[in-house]
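Note that the chains take the letters A, B, C and D in the order they are written out, and that residue 1 is the start of every chain.
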Amino acid sequence: MTMAAAIRRFVRDGHTVALEGFTHLIPFAAGHEIIRQGRRDLTLVRLTPDLLMDQMVAAGTARKLLFGWLGNPGVGSLHAIRRAVERGVPAPLEIEEYSHFGLLCRYKAAASGLPFFPLRGYRGTDLPRVNSRLRSVTCPFTGEQLDAVADLHPDVAIVNAQRADHEGNTQIWGLLGAQREVAFAARRVIVVVEEIVPGEVVRADPNRTQIPGIIVDAVVEEPWSAHPSFAQGYYDRDNAAYLAWDRVTRDQGRCERHLDAWIHGLSDRTAYCARLPEGTRERLTPGPRPAGPVDYGDYR
Amino acid sequence: MSSAAAAEAPANRTEMMIHAAAREVRDGDAVFVGIGLPNLAVQLARRLHAPGAHLIYESGVFGARPARLPISIGDPCLVSGAAQVLPMAETFLYFLQGRRTDLGFLGAAQIDRFGNLNTTVVGDYDAPRVRLPGAGGAPDIAWNARRTVVILRQDRRKFVERLNFRTTVGWAEGGDSRERLGASGGGPVRVITDLGVYGFDAATREMLLETVHPGVTVEEIRAHVGWPLRTAPAVTTTPEPTPEASRLLREDIDPARIYLGPA
Amino acid sequence: MTMAAAIRRFVRDGHTVALEGFTHLIPFAAGHEIIRQGRRDLTLVRLTPDLLMDQMVAAGTARKLLFGWLGNPGVGSLHAIRRAVERGVPAPLEIEEYSHFGLLCRYKAAASGLPFFPLRGYRGTDLPRVNSRLRSVTCPFTGEQLDAVADLHPDVAIVNAQRADHEGNTQIWGLLGAQREVAFAARRVIVVVEEIVPGEVVRADPNRTQIPGIIVDAVVEEPWSAHPSFAQGYYDRDNAAYLAWDRVTRDQGRCERHLDAWIHGLSDRTAYCARLPEGTRERLTPGPRPAGPVDYGDYR
Amino acid sequence: MSSAAAAEAPANRTEMMIHAAAREVRDGDAVFVGIGLPNLAVQLARRLHAPGAHLIYESGVFGARPARLPISIGDPCLVSGAAQVLPMAETFLYFLQGRRTDLGFLGAAQIDRFGNLNTTVVGDYDAPRVRLPGAGGAPDIAWNARRTVVILRQDRRKFVERLNFRTTVGWAEGGDSRERLGASGGGPVRVITDLGVYGFDAATREMLLETVHPGVTVEEIRAHVGWPLRTAPAVTTTPEPTPEASRLLREDIDPARIYLGPA
């Protein structure tokens, strides 16, 4: 399925949409397509809303944001989100915040068919005061009070991966983020991959599969769809883009011109890649470092 | 006997069970499957009307394509060529409790009229006459799968008025009692034995005899049930397998008749 | 470390010892060494106590057994355990039973530093009546009553794996059972591998690592240490041994003679392997079925 | 300046922070580490007195051996050559909450006298003057690690009488209040700034100035603290790095002085 078709079909105004990938495999191409298609009133969910959600907020797609840590990793602030939160520009943005672990546990609960998940870390902090979804639960064995978060079932989860087969069996190596948990938590799952590979490739290494095809609604093949983040073994993070965004995002007008140039004015990811400065892809492509062989054995 | 003649021989009762079980599998179903008869039934259904059915083994394998007949749910032939292997905990958490399972197959040593199952003990728990294997994956399959189907050979000591131990909940005490317990899955829909096939009354949730296998009478079945058995308004004969289904089961799926037994 | 040294050092009379591996990578060699060293009053923990624990109970090592399913998979009953439970022969055996899922959740809780884990599946069954460690917990969001199990921290966990490096970083492929969970749950961890490999082999594929070396107390290299169970890619299950045990285990005297011949009378796994009928290893070795390449990328 | 001369130049204040932080790492420690100064400190400690220290990144990497200086905790250079990559949830569940972490490093925008931290907002939560990044992994590191060390540059707006928001618990209200909350880890043991190093009183758990960096006075420090600062019985000068430590940091670990700043 094309990205445009997948977003058109599964992402609706007002939806709760989780876009995951912890620094690795961030679904930039999918987020850009959501912006391009003009979705509104989304509740966006992401452990680390970084550049992608700063762009989505600057573009006016979001009504609310659930997150764990709000920053441009290794660079600084997310000024578009700060503008929305601090000054309501371009529109007010409701926020609901967790620790990384708390949001992970919300995914875990939902993926596991549990209405809540117990954890530790919020007692004595001000977080439960500003988030009524942080509650307490009593251990039936020790009487201890633990923290608890509720399940979170996004309407749609979008995750990037290195490869999948046509049935949606999806393989990821390197940082795994919350990809598996959010996929099992969500009602619909869109997987965006660097490559669609024959089923035999996936089935030659079933332990590498993070997401089973049976829970995947769309597989989109788009090389470089995680740029400017990275895809382990395919390309490195384009740190220049993170630094550039730090300048762009300080001003709503510049943000909008950037979105026009890099999103609204482009038809798709192919056009985006063509617009990258010459040599970008060569510069970001790492040398080989193969995983080494493993034998599953042929059992007949 | 030649292969052609073998394919035409009538199904024995084990084969009748497998064919009946295969008919419970719908195309696209995610099926939580044990070894033996349920495995054969799903393999058969995939070759007939349900090519898109997915097999999930509690050992952690999704989308297995075994090159031989597996001898346990952990056979390495289930792993080589599978779509995914998950840690066992995640298989239970995500596929079962996370409500991604459409159909689960269960066996039992005892069953009652509401489809509750005992696989724990015969006799008293603390001084058992027979110590059975226990729960395994059954309580969770029964609790969470959208539909469950129970397969067991039938006799009066198995179809009991009162279980010695309730390992696994079916329809609990009947009516809406399962729902009131808070079960997330759908409960048992069929019981398949070597004598016939049962459903459950939509209101009372009591087991109802629906079909008898060829050559079996309702009276014969009543003699193998430990409570006054109710029957569906019209008890018919379990359909015999088509020649194609019979051939697939005998020639492709279990050619050594490991599970099928003597023809 | 040798198996004898690892068992001598870490497994004490009265300990709670989990030996995991779901049909795959069952720690037979370790269990046999525990028998050989004459440990007593152990609380044994295992999802599926199969042959290994039938032997350990027949040998009199156990005071108590925690389990999920008690059988010879694909074959039938465990007669030694049944004798102990039904008739107190050779000695009474206390049992504490769960579903597989319930015991997995006990490991999960312990590995996760939680005093309990919530789950579903026991309501309306007789299991909580005979096991006071199955309780209820109330969801702080929905008010729903769920089941709960307590954490379980074995004194020692023993798991087999295909390979580890000298630091104990352990890689497993094929069925993963509860290896990772029980290792993180336990106070001490013994890993038994087919091969100790250089660190570079493990580090070439870090996503394959199931258990980090930092929680591993001993790495024992013993080829064929899971026989008669299997090691994916190394050898198949020796089903003849499962069928043979079904005959042996029906009689306590035969059990003891079997234990004398295969355990007490042998010094170690090397002697065990030498005693296997000629051609056994060749018969059980599968043909190759390689996993196929994956590239992690060289990032400098 | 020649390399030899550079190695002999006195440590700047950033370097003093890194060397002080490195001294908090013990051999064999499992260290939960962020990017920047803590990362440099642990890399340095591994080359000096703690070769067996293990790095854990909340991104899921255990035992990283990066071939370059990572620019984020998710840099792909942390993955290639690492001992293990875990799903992020398991890193928090097993390594942190499961109490497998000996030492955690934290930063903060505000800290109070009991080592409680604010990384959420400056000003009112609902109408913030500055919206900060929020919690990330900090509450869980602070709650579960056996020891935590806070690293931050010091000024009066950061060392405050009262936090605008308590994102992360240190010693709570002091005394045994952290223990009474039920925290499983051990609490903050050091605060390291560009001016000095602090510990905590064993009974009251109030922050105590222990050492001042060379050239810094206690009075200068008091001017950068928003409450009446207590000091240890004998405030000494923070030890300067050995030539070997200085060389390693400058030549091997951050030769481009990305984090070290101007010499």
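Worth a mention:
Convention: a contact is a pair of C-beta atoms (placed from the backbone, for glycine too) under 8 Å apart; a residue touches a chain by one contact, two chains touch by 3 or more.
The structure presented is a predicted model; accordingly, all values stated were derived computationally and were not measured.
Chain pairs C-D and A-D differ in how many C-beta pairs they share in contact, with the greater number at A-D. One inter-chain figure worth recording: chain A and chain C are separated by 37 Å, centre to centre, where each centre is the mean of the chain's CA atoms.
Separating the centre of chain A from that of chain B, both taken as means of CA atoms, is a distance of 40 Å. Note on chain placement: the centre of chain A and the centre of chain D lie 28 Å apart, centres being C-alpha means. In chain C, the positions touching at least two other chains are 113-114, 119-120, 144, 173-174, 176, 180, 204, 207, 232, 236, 286, 289, 296-300.
Residues of chain B in contact with two or more other chains: 61, 75-76, 79-81, 85, 96-97, 144, 184.
In summary, the structure contains touching chain pairs A-B, A-C, A-D, B-C, C-D. Partner chain D is touched in their complex by these residues of chain A: 22-24, 47-48, 67-71, 73-74, 77, 81-82, 85-86, 97-102, 104-105, 107-108, 119-127, 130, 144-145, 173-178, 180-181, 230, 232, 236-237, 239, 286, 289.
Contacts from chain D toward chain C in the complex involve residues 30, 54, 61-63, 65-68, 75-77, 79-85, 90, 93-94, 96-100, 144, 184. Of all residues in chain D, only 35, 58-61, 71-76, 79-81, 85-89, 92, 96-97, 120, 125, 128-140, 142-144, 165-169, 172, 177-178, 181-184 touch chain A in the complex they form. Contacts from chain A toward chain B in the complex involve residues 110-114, 165, 167, 169, 180, 184, 199, 202-204, 206-207, 209, 212-215, 296-300.
Interface residues of chain C facing chain A in the complex, by the touch rule stated above, are 113-120, 133, 135-142, 144, 146, 148, 150, 173-174, 176, 201, 204-205, 207-208, 232-234, 236, 286-300.
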